[in-house]
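Submitted below is the structure of interest, expressed as structure tokens.
Chain lettering (A, B and C) follows the sequence in which the chains are written, and residue indices restart at 1 in each chain.
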């Protein structure tokens, strides 16, 4: 339905150039991978590794940069400064970004003291508590529940059935998907008189601008001070951020990873999926933690860390993996050490093995 | 309340035979484990291992197969071709499957363009978007939110407070529990100009027939193409399926396990709980991944794999575990190697240790 | 807004004594960490390790015990029998506990057969099924969905958008945060005739008094018998408890940890974050499982256990970690063993390495 002619498409992209496209009125109607068995589609060549596949692609148009275009002499191409940014722009043509319809559902319960900005959409079965302030052009999707004193910036979307506890502050251009929970109590108890006594959690959650949370995430309020997330951070599904974490800017955390309490992440930290970061760990700017890693101590320097509890950097982890086959046979090697000792007349100490 | 007489119970089960049951009008009122201290209950002997316990069971009736019945000469029994299928049938007598009441709550918001099948129940505070198509005899439980263009087959149930994003397609006999999220965006960004730029996620989630999802699961839409789940798959709670995964038929994934992007699972794959499967991994038909396993590379053949990042199959993992005690003392063994070298006059290379 | 004078604050705490406080009418308005750069705040010295920081604290008042007070001769202090319990009491002054407003939202759907206790609050877009019994002074927050036959004690709070399946029983003083799911089906199938046949899950979830669940948790109903949680247990976010688990009293489970089916936990068990406990494991009273640990077998005695799949107690794990650097170089050590064998004339068996 959003078919677009090649020349119109070229006009969308600054400094782009159509090459080998005799019919500028030819239309494309979707974006597909190079190997798709389809018609009228755009595809893209994101690196040299895909040039070969591109040569036999049925794509009506290939998005490439100038360098890669040289390897595709006869293919119809849109030569662009940056393939990925072009791809994003073309996809937005076919799938326009969701925008607020500016209406408040009659089935939403909005406290009188709440301030809802211009052109902000409030969905069905939403509740918005006292003194909540929501900016302009936001979407509060169906089923969202927002407690008192929450602040949300402009152009932000809270996904369906998400829950936001009191006092949480969220910046501009926020995006979350379904069933995530923001600002629940941190997990803090003191064991006295035979039971776990709850330490009141009175800090807030404070989230910067341009942050995305996936579905079914949780981020807890701080104990005394706040849990803080910087600008430009992106969190996948089922990410858990415990109380008092301080997260810098442009941090990525992939699915099912969690930060225990009081973790500090610098800017541009990348954490793969299924990672567990222990409490009070600090990661400096640019640190990368490979998926499936548990960290128990703070690595000293920026590097790639990997591996369960081992504190290994990436090269050592590679050696570790190679040596697993030796660990599996370690008892045999130990037998050989003992045999040698016997032969050379070394007497093993009492109880040594 | 659903008490049943022994002869009526026997009639429920094809090719069953009551043995040692003088009073066919005796009633049972529940199913309990063999060791239960109760009256008027049915129990079952699912394998030879339980024959001894069965002998002293207080059960009014034991469900057994013909082979095991020989070991229980005097016990009141229902001898059946298959114990487990019989158990399922008897449990359904006591606890009938939930069925649609066929009503649409006046508190549901259903778009005019949505098509809801015959005898489908739509619960309270449900929202159903434009062009949604739902089959017959479905239950859309309280609080469910369904965006535009979603398709759901017949006899499917969407559990309370689940969320389904636009375009998701779900087959027949689907079942999900609470707070699961279907079709949120995949997690894809490209880092350019100092920030993570979101790659639009425009694929769908497509789920076959007879699939079950537990509570608080997430499955993401594909990036350009779809995330696909075959028929007969069963997923436990908090299972995460990332964008572009292709899952075959009759796959099982237990609690808190996750698939990173573009994972391909063959048919009859079994993945235990708390597993992390890295992106682009392929598992062939029938592969078994033991609980607690991380996989970083694709195993070559059908087998049982286990262990963090080790790529070990089950027998090697058993050896690995035995050798952990040697790893713990590895420094002592290394000392012994050095002592031998000294004794036999081998000079360690500079910086070798 | 809840400013309090020092003498009033002292009156809140039994057996407390103000020391070095010339102006008893001085006011404090919040609780902050020792190092806070602020005015009019209370802080606290919870152990000897903080005495040095306390000396330079800008706090208007330091909460300390008598022993630590000796090290702070000139600071304004509230000397108390127990610092942490005092802190809890003071925080409750500044942040009073949420209490029920006693109203039932006109937007809640409450079955006629349901019994709601005195002074219990029922929020917006809540549904409460047939024969549900809820005690006095409870809060059923916005968006909660409760199926038939659920029982909830007194003074309990069910957090926003939580879901409770039929028959679940919850005690007094319960607290849960957002999007948790109680009483979904356990994960049980039997593979027959080419497919996974669902075993009906007909047990309940039964939860004692004084239990807390965080956000996005799941606890499943039992298969034939019940899933049981004792008194005083506290569960963090994204904790998963599978069918038929039996959990004692005062158990702690931190974020993203899960129990597979039929796990038995004694009293006062502590499980850190990101742990995976295999099915049928038993942990005796007081067992501690460090964060990031997988357990595949039941430890025999009360101890601290740690480490992926290794079954190591804490001291052995420390040795294990030290030896990782040796594992990384294990191939070199094996080379040295072979060199020695050569030198001393031991012939390695065919295929031995």
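Descriptive notes on the structure:
The criterion applied here is as follows: a residue touches a chain if its C-beta (ideal position, glycine included) is under 8 Å from a C-beta of that chain, and two chains touch if they have at least 3 such contacts.
Nothing here was measured: the structure is a model prediction, and the numbers come from that model.
For the touching copies chain B and chain C, the fraction of interface residue numbers used by both falls below half; the interface is of the different-residue type.
Relative orientation of chain A with respect to chain B corresponds to a rotation of 120°, obtained by superposing CA atoms and rounded to a multiple of 5. Between chain B and chain C the centroid-to-centroid distance comes to 26 Å (mean Cα coordinates, whole Å). Each of the following residues of chain B touches two or more other chains: 125, 143, 161, 179, 216, 238, 256, 308, 327, 330, 333, 337, 340, 344. The part of chain C that touches chain B in the complex is made up of residues 109, 125, 127, 143, 145, 147, 161, 163, 165, 179-181, 184-185, 187, 189-190, 192, 194-200, 202, 216-218, 220, 224-225, 238, 240, 242, 256, 258, 260, 276, 278, 294, 296, 308-312, 316, 319-320, 322-323, 326-327, 330, 332-333, 336-337, 339-340, 343-344.
Residues 31-33, 82, 84-85, 87-88, 91-92, 94-95, 105, 107, 123-125, 141-143, 159-161, 177-179, 210, 212, 214-216, 232, 234, 236-238, 250, 252, 254-256, 273-274, 291-292, 307-308, 321, 324, 327-331, 333-334, 337, 340-341, 344-346, 348, 352 of chain B touch chain C in their complex.
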